[in-house]
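In the two complexes that follow, chain A is the common piece, with chain B as its partner first and chain C second.
And then the complex of A and B:
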């Protein structure tokens, strides 16, 4: 907290630059080589500039989607870890992603091919699924106590996760093989958004969550003491917990419906960031969003290129990096 | 002045009829047979600058009373007032500028530094998006100074010893610049050396800074050394209250805890001391 202003500016600038470079650099990488100077060559018309077309139409949406998904998942991870006072919590702990996945599975299996303003039915259904999960978990957490029980929240989330997973398996079991393959592919995470529309659709949701993320951090610091200690220092604990829960859930729902349940970002990134910037959530939260953006963009580049021309699902890359990292954290945490 | 007037708070679990409790009557020691937690029709009054200990056996209701005084729970009847204002209506931020609480133990979920923990006490003084300024930093450093923890400023809180942690938490409470300090068994998890250290610190804050101090504790000697008045609570009711030298007697200790004890004025210590002799045969 000392010099929090200076540290906030410094780290935001540093990680902001990193995220920006990743987003600009990622579209330059791929099976078809393109030249950076050519992309921004204004003397050639856009219609004739193949490099610019590849950059702006084929690859940039994907990099932006990765950045948005990475940023929201990392930020949601920070908020949920503070809410549950558990550094090992992830955005998927509370069942939001399982709800989203179930929604997407149903849309795929029922062959909903509608789309609205360029947003597919799968994306829409997965967001609705995440909201249903959020509502169930929240109702349970409210029902048991006068206030808001984070213990019940955690248990309800974990239980709902496995329940929804069972339903997902059931839907997959009934689906025909080609659909089962599509659902499998969706579950592995896929940032191939095919245009800017899905990103623009997710943006308002991310912005709502983002506004909450600006208001929350100092209260999240105090919640790390515990609920009573925060209350006696002037925090309206129940309101903060509600805002934290809903904003993190909306952010997760938006991210998952855009890119699928891409694992481990919500835990790797906040931890790495805390190692660098300390514990203060006022720095950790924006820094994690920026590092999360950069991290997922880079992972997606790896996913596109490691086995080129074949593409790996980006969720496999983040899991391969994240799994060992998570275990290392567990061992390190005495 | 901090007052509780006829406050009653009975925990929900204890109030609600327990399903199947009749059939389970043989199972003594099950959750159904816990001593009734909470307080009933309790009144206490603590003057500005006073030092009061809440004493009583486990489950007597002293922690409930402390939580009521802190505004953490609302009384089901009666009311708690601080300087004439209803604690339940005053608002969390405003209350935090008038009253601070030190719990028995503090575990931080993340690796905040000692200075950061002290600065958390500034929360009720800051606007929603405001960052701490030089004045807040000065107040936090001064609070660390007062508790003898200034040299630990950059250490991670979780790496401190129990006694150091407790002093830092007291510093964080001091940074709130509140006139009232409530402590819930502040020495229960500390060894003898740290107990004395915390006792001396709280005593100094009371005498030199005029802080109103209320301590819930099991440690009778700690209470006698620190507090000029005692409130004895058993089964949710106040058994006795008054100046320490009148209230801390062998008879009262026997009635409160079912324990035979000797109470002497100890010249070197400068306060009453209690030597427990054993469980009383007729409590």
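And then the complex of A and C:
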């Protein structure tokens, strides 16, 4: 036990420093040269201070959004892999992201020109869409079963994913070309939030999920081995499964509505972390969240600099980095 | 033998009328030359056909066609992504106008032996070239030349009005997530919108990127510091308070001169997206937005 605590402190410290440095360092990098003395010069009005606006509007919110999205997706990946006892599970396996995407597509195609507290209709609609998907999958997993069938959960999720994908294609097909382009762009992920309101809107949801993630790891350790064995050791299996499912889903919904369905983080980060820290969820979960944050912050820096002045969608970068890396892991592990 | 003057006059009249009739027949035949039943999948070319007096030959249009009003009564045959081959064939066309990328459709039409005219979309030069090409193919070269001349005259007039004015550095926004500063796509230094902006007396801040459209981050916009932001919306203008709300979406970037000085201008209209004869209307709207004192309503 003290050993786990020591490893937890050690790894959290190491990866925490990494994530912290990424978030602090990212706003210092960019395609424009800015004068950092002027950024923090209070004698210049913020409204007129280009350097400060580049730093505080264009760069810092992006880094923070990337950290939040990266951390939630990586943590949700860990939880779902344990819940479904499937190393290939991702935060998008259960249809949450497809639901979110369908919500966003509908908001774009129906031209919902609304906003609330600085959060656009597209963000709101995608979160609602993710909740709808969660509700459907959960209802299916509960139906005709005493407890909570993870097999049905997995099948329902995968089926819902392809069903929603078909609906997305249908909505896209009916849309105007300019709208179809915008929906396609949304699917590639975008962290240029240009302000703090969208981050603040996603934060409470991520915090609720985060609280669950603190409570879950010990039960997940037992659950990921064998549900029956876990039950004999006094774990309320159904309760743990429910908490894991809902917290991971809410976290994913919040992350996707903030940054779009950015792929690969929820699968490569947990596996990479397990290679380094072992399989104990008490260490894997927080470590994955921190590595996920650092990883997406770095990917987003690439997104806004590699092809400048053009933006390269961040989802493409995570896939380009993540795909080959994951295959390498697969081959190496045998 | 001398023919009496009255008879002479009668003969002369007969000869002239025969000649006149022949001439009339020849012109009529010329007018009937070329394709008579045209299906157009490309809205900009539909507009061109009407501009060169060949509108009456159009028997089918795409689902995106809204101009001129005559097209409202024509059968719809799908569009870029979903051309309805069956409906196209049922209209018995002798010319189908397609996008360059519709290769499958062209193969099918080839098999049916129906000639195809391919759209090449790009600069202003492409608009006039296409009108002339269509004129030659449809036997209405004179009308096409007239339409091209009018088009060029209109553009030259606008260019003349703004010629000696200072050219504001302009950001031409062609798409943005409503009510926010996300997913901003802008015109690069290629394409008819860039050409029109240039002609209307504005300097495109992203002219160095030779693409029709590109996605840019808020950092790039802050760094380019445009004097004017022209934002195109392809719909009819919504309620004034909604327009104002969209203008206000730019407010966080107050360090951009255009935002600070209230030079964020939203333009509305379906023609903004169509690289056809109505580009003159777009050019005038651009010029009026950039140089209100030089281009009166």
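As a convention for this text, the second predicted complex is superposed on the first by the 304 of 334 C-alpha atoms of A that agree within 3 Å, B and C clash if a C-alpha of one lies under 4 Å from a C-alpha of the other, contacts with A are read in each partner's own complex, and residues count from 1 in each chain.
Basically, a residue touches a chain if its C-beta (ideal position, glycine included) is under 8 Å from a C-beta of that chain, and two chains touch if they have at least 3 such contacts.
Since this is a predicted model, take the numbers as computed values, not measurements.
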{"item": "Combined model on chain A where chain B meets chain C, clash or fit", "value": "fit"}
{"item": "Greater residue coverage of chain A in the superposed arrangement, chain B or chain C", "value": "C"}
{"item": "Chain A-centred angle between chain C and chain B, computed on Cα centres after superposition, in steps of 10 °", "value": "140"}
{"item": "Partner chain(s) touched by A:190 [first = chain B, second = chain C, both, neither]", "value": "second"}
{"item": "Contacts of A:31 with chain B and chain C, given as first, second, both or neither", "value": "second"}
{"item": "Touched partner set for A:229, first chain B, second chain C, both or neither", "value": "first"}
{"item": "Shortest CA-CA distance in Å separating chain B from chain C in the superposed model", "value": "40"}
{"item": "Touching residues on chain C, where the partner in the complex is chain A", "value": "64, 80-82, 174-175, 177-183, 185, 206, 209, 211, 214-220, 222-225, 234-235, 238, 242, 245-246, 252-255, 260, 273"}
{"item": "Of chain A, residues touching chain B in the complex", "value": "1-2, 4-5, 8, 81-82, 85-87, 214-215, 218-219, 221-226, 228-229, 231-236, 274, 278-280, 282"}
{"item": "Contact footprint of chain A on chain B as seen in their complex", "value": "67, 70, 72, 92-97, 99-101, 103, 106-113, 115-117, 119-121, 123-124, 126, 128-129, 131-132, 137, 172, 176"}
{"item": "Contact set on chain A toward chain C in their complex", "value": "30-32, 47-50, 52-54, 57-59, 111-115, 118, 120-122, 173, 176-178, 181-182, 185-186, 190, 192-195, 198, 304, 308-311, 313"}
